[in-house]
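Each chain carries a letter (A, B, C, D and E) given by its place in the written order, and its residues are counted from 1.
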């Protein structure tokens, strides 16, 4: 079975995949079509309740909420992917430095990572926002840095473990250079741990976008973004409670999807959850059922 | 609107021991009235704690304060004030003429103090008994007005009070505590020289979040909510314990355009932007305020209706842009982040309709000060200029407005030098018309204050309360 | 153990030094300064220069850093440029809101996540276990701002049981009012953080279910649930302790947002205001204190690990 | 005290992995269960005590002294476990709780079933540790599992299973993870204990040589079914089913033989 | 003729410092060991867990650097510190099978790639077709179907996996095959099969074998020389017959007497 089939077989994974597909598809569709121009205001029709033609209603300046939510998924995708990429680069770099280099280097990197972890994401965000003004980049970089450090922390021991595994040694015995070994054996085997972390990082990024937008460090106030929309509409919560529901639901739905995707990936890639790991020493005999799920 | 304070609708007798909780939006950085800029300080400290020789009413009339009366020589060069007797500072020390001379002189001579430039025309300050005499180098029709503000505040000579966190004034209230990030508390000054304040205690609660303020009001934790978002009107009125009051104000939301270079140096582009913006929609979306088409708002002298200069007309705007050869114009608006999202949303949409892509960069106020105000590194900027009678900025070519028209500068100088109020006003309105015709900027609207006042509260001023709130009459009845 | 503590202490100090340099440098990159802010929108360059000199902002960077660090070493976190009061005293004052808020939030998070996480792991595969897990997943996905608003609308605005915002001016002199003011904010952070913790507890417990030593314990005459609780959980607890270290950072972030939402005069809101005001000495003092706090928590987490886990307690 | 297993069927992961296994263990008997890896030996043992892992379920009948114990509520089964029936598992590395002293773990079943005080429990732990020949029992009870060697840990596991003097001991490959020298010690220890107390023993292994040392009778499992049963000596000397024959042949092929060193005849062709 | 010749091999590992203030300490995994492996012979290494068997094997194959001592392979110095490419000559001559059939195969590679890895890495045989052919051939040699090359390790039983590992170790036709307890993780049935396979390869390809095992039966059946180790030292060595049937060292005797036996048939 491919990893995807295994993922699809778990109910969490399936839900996660569906959510991600829905969000990405919405983002793509919104590039070409939304019911209304998401930026177009129509003050005469402000605070319309859900009805035709504004299926989800309108906001304080009469913008169509459905169009805004659709267009906002673009921002969400950009934030999630951007934060994901930065977290990946930082995570891999720090994990590699912390696992593959000389011992003094490994240990200093580990200490450095521990210090960085002590800086909450938000504080990184505030600093970046103060320098460059509120923008998506603030969210992307701060979550990317913050979670990259987390990923490094989780991936490093995993990398060490794989590094000490017999098949890496066997690779050396077969004549592989360290670089070849890294590429052929180490990275593919660390990838699962990594991907799981990544999907959680993306979930955090989506949530962080909402939190940072509320504090004014997030996306530009006029860009279609769920976080901005939520921050914007929450001011009128007691008067127009229905409108604030939509961005909240969109965020919760996406975050739930990404979290469950991460859980599903973990279930479907972690060998400890399907069969017991072989003891590293001793003469424990292993048995393998004919069909492995 | 227009009255100094809202009449109380409650018949119940005022409670002399009342504590009134007033929500304000922006907290001052510190309490140093000498040099810390920002309306947040004047708003509560001037009149209530600190006083000048003269003061002003919410509708901009100049009235006696520490001076019981004053005279101006016919040539407009000598101002003579009679200082009241029996005035004491909060620390118990009596106010002396030396304090007055020292305060004004130090203000004039200390660059770091705010508004020191406003006393630039004053040549000498002298005291003789209770008579304080100011002689001027040239007539200055704004001097009295200036003395009602920071420039005229009277402090105790060589006071050692920690100005940053405490105050020592002569007003009807004593500042008793400042809990940073939360509230400032005033207590009635029982040794006040004039009519004593009505409430025993006023608490200024700083709550930036509108919804939190509304919740606080609904939960009975606040008696007055200023800076109320008119969009939340329904909620507060449904509650029945509050009434919404509208007050006039001199807040001008100025869409400044950097006309030194780039596409905005072209007057047609600036006009196109003005005509593309639907000012009525902005007012409607904001829920309060009045449209404004020139640099002087209605409460200030020199106001006239300039709505014909650049009326809303997207088609005309498109044509102007085409004439100017601007296709696919993309502009960046730099604005402090605390003005909310409604206005930028409308601007983006309106400009988009005529083919201008607007990017909005909302930043910390300090970043705005550095980039826009100091370095003039911007294309469009949006700031609320709350100060009354601040036309001088259009006559200052170095100001961040980047507007430089000698004719306007002359007219303004002329108005300052005028010894008759009518002349001064006429000069101002003429200058304002030129500024608007030059498309020096766009004035989105004249903000009005919206105040939610509990039905058992009386004496809450509603006009111009962004500039100052005289709380002497403010009080609450029991129940 | 003592040696280990010393080693770990050295690491902690190294961490603090690195952090202080990072903080100092990072803040100097901020555009705008407090002098222009004090001077305002009708200022002249001369006025700004005068203020800058008055505040010592014209000193070279290194001098400023040396002054600051020198003070920190002597236990002086610095003074605010805006108000002239010491950072330490302001932190101490705001801590009266934030620390109880954090403790309450953490307590709520723990009280709700640990038993329910364990329960849902024990009832895995059954409707109630799945239901708990789905509920927690959903809660963990809710933005904290949204959760806070909903709670306010229900419990403060509709039902009027609890205050909607603010903190009593009397502070803890009026303990009941102060406590009530913190309930909604703490519940908001508590359930969102607790939901995340729940997921962790559940998965750690599920892992413990499969451990051989839990089965061994059951073989000795415990029911399987008892075996899990008596033998699995203490081990789960070990990993929860490490996660808690990180959770504290999460609570700090939550506090910044929540203090804003509930207008609480706490450290988070003060920090945001100070950054906006470019009161750099104060911001760096606050950040250093915050970082030190998290690092110290990390220190104690590691020590706790050592003490609880005999495998690590061993020196050699 | 007899154990009767009748038509035990275990479904795991949607497959039938134990299919109709029956056997009896009389009082004082030493019964072996052998079979190749994956033949269902461990699951059978776990099913008897109601300790099957998640996703596995048993049907059929398990009688302990004539009482049906299969499908009893966990609470009632728990009273039997450790008291009437003790079990030792294969892997000494993971079978002990890493954060509890071994003394506490040894005495736990005593505390559960006999409700003795903490102090008495400790004394019992020392006594039990001595019984399984742990060195320096007074001190060893205060150690943690990671401070013991593999052989010592397995002794602890045995002490734990025996602490309440069960009537039946199930040993699931208790020596597979150990060195031969240690294995020899443990086997003789077990043999002695069973003889002394007269309890019955179910010994699970895949190793015929080990089986022949410890058990008198055995059942042979293959793919979840019993393919042959009888006295061990007979099974080794004259295996009937070809599964047993294969096991015996393969065992001989790789087994150390102190008498000859010539290569034996080629073993079963690689499949 | 001596294929491998090692003198005075010592390997110490630093004990990780638990605190900054500790002195550096070492454990000695291997202590002054001499080994000679004759071309075409089969050397068995036995001894209890932790006696340094694996350490010895790694040193012999240049996978680890000795703290002291030297190794020659076919008269040429083995320098484990050299770059991977500079060791290709040694890798072409040697192959290794590890104990754990689950841990030694990369779960994310198919069998064809795993087995073909030495060919690829060592640049043996030109062209992917030739390599594929050799992989199919060697799979057949170890008793697996050639079409299994496209499957993944987890689809195989332990015994089959160990054959895959064996195929990888011999795919480039080395002269020396080293097994580090290649059978101890398998059950008797499979063990017998692998044993037969090794015997066949030894016969047919004239492989030199070094076989580490705690399982004395395996050594007895496969090897003509034996090395007995304890605590990093060699306690006894010599022809299999001599050492196993007439052990001299007390430890060897104890070891042999611990082994369970079947009653004679």
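One rule holds for everything that comes next: contacts are C-beta pairs under 8 Å (C-beta built on N, C-alpha and C of every residue); 3 or more make two chains touch, one makes a residue touch a chain.
A quick note: this is a predicted structure, and the numbers were derived from the prediction, not measured.
Novice: Can you name the chains that touch chain A as well as chain B?
Specialist: Expected: C.
Novice: Measuring between Cα centroids, which chain is at the maximum distance from chain D?
Specialist: B
Novice: Select, from all pairs of chains, the pair with the highest number of C-beta pairs in contact.
Specialist: B-C
Novice: Between chain A and chain C, what is the separation of their C-alpha centroids in Å?
Specialist: About 22 Å, centre to centre.
Novice: How many angstrom lie between the CA centroids of chain B and chain C, rounded to a whole number?
Specialist: About 39 Å separates the centre of chain B from that of chain C.
Novice: Nearest whole angstrom, what separates the Cα centre of chain D from the Cα centre of chain E?
Specialist: The separation of the two C-alpha centroids amounts to 32 Å.
Novice: Between chain A and chain E, what is the gap in Å from one C-alpha centre to the other?
Specialist: About 44 Å, centre to centre.
Novice: If a residue has to touch 2 or more other chains to count, which residues of chain D qualify?
Specialist: Those would be 37, 91, 94, 150, 206.
Novice: For chain B, give me the residues that contact two or more of the other chains.
Specialist: Residues 209, 211, 215, 218, 364, 367 of chain B touch two or more partner chains.
Novice: For chain C, write out the residues touching at least two other chains, lowest number first.
Specialist: 31, 149, 157, 260-261, 275-276
Novice: State the interface residues of chain B toward chain A in the complex, per the touch definition above.
Specialist: Answer in residue numbers: 209-211, 214-215, 218, 229, 231-232, 234-235, 278, 281, 284-285, 337-338, 340-342, 344-346, 348-350, 352-353, 358-364, 367.
Novice: Report the residues of chain E in contact with chain A in the complex, numbered from low to high.
Specialist: Going by the criterion above, the answer is residues 49, 61, 63, 83-85, 87-88, 91-92, 94-96, 98-109, 117-118, 121-122, 154-158, 165, 168, 181, 184-187, 214.
Novice: Along chain C, where are the residues that touch chain D in the complex?
Specialist: Residues 124-125, 209-213, 215-226, 231, 234-235, 238, 308-311, 314.
Novice: Which stretch or stretches of chain E touch chain D in the complex?
Specialist: Its residues touching chain D are 48-49, 142-143, 158, 163, 183, 187-189, 191-193, 195-197, 199, 214-218, 220-221, 240-241, 244-245, 254-265.
Novice: Within their complex, state which residues of chain A touch chain B.
Specialist: Against chain B, chain A makes touches at 37, 39-41, 43, 46, 60-63, 130, 133-135, 216, 220-222, 228, 232, 234-239.
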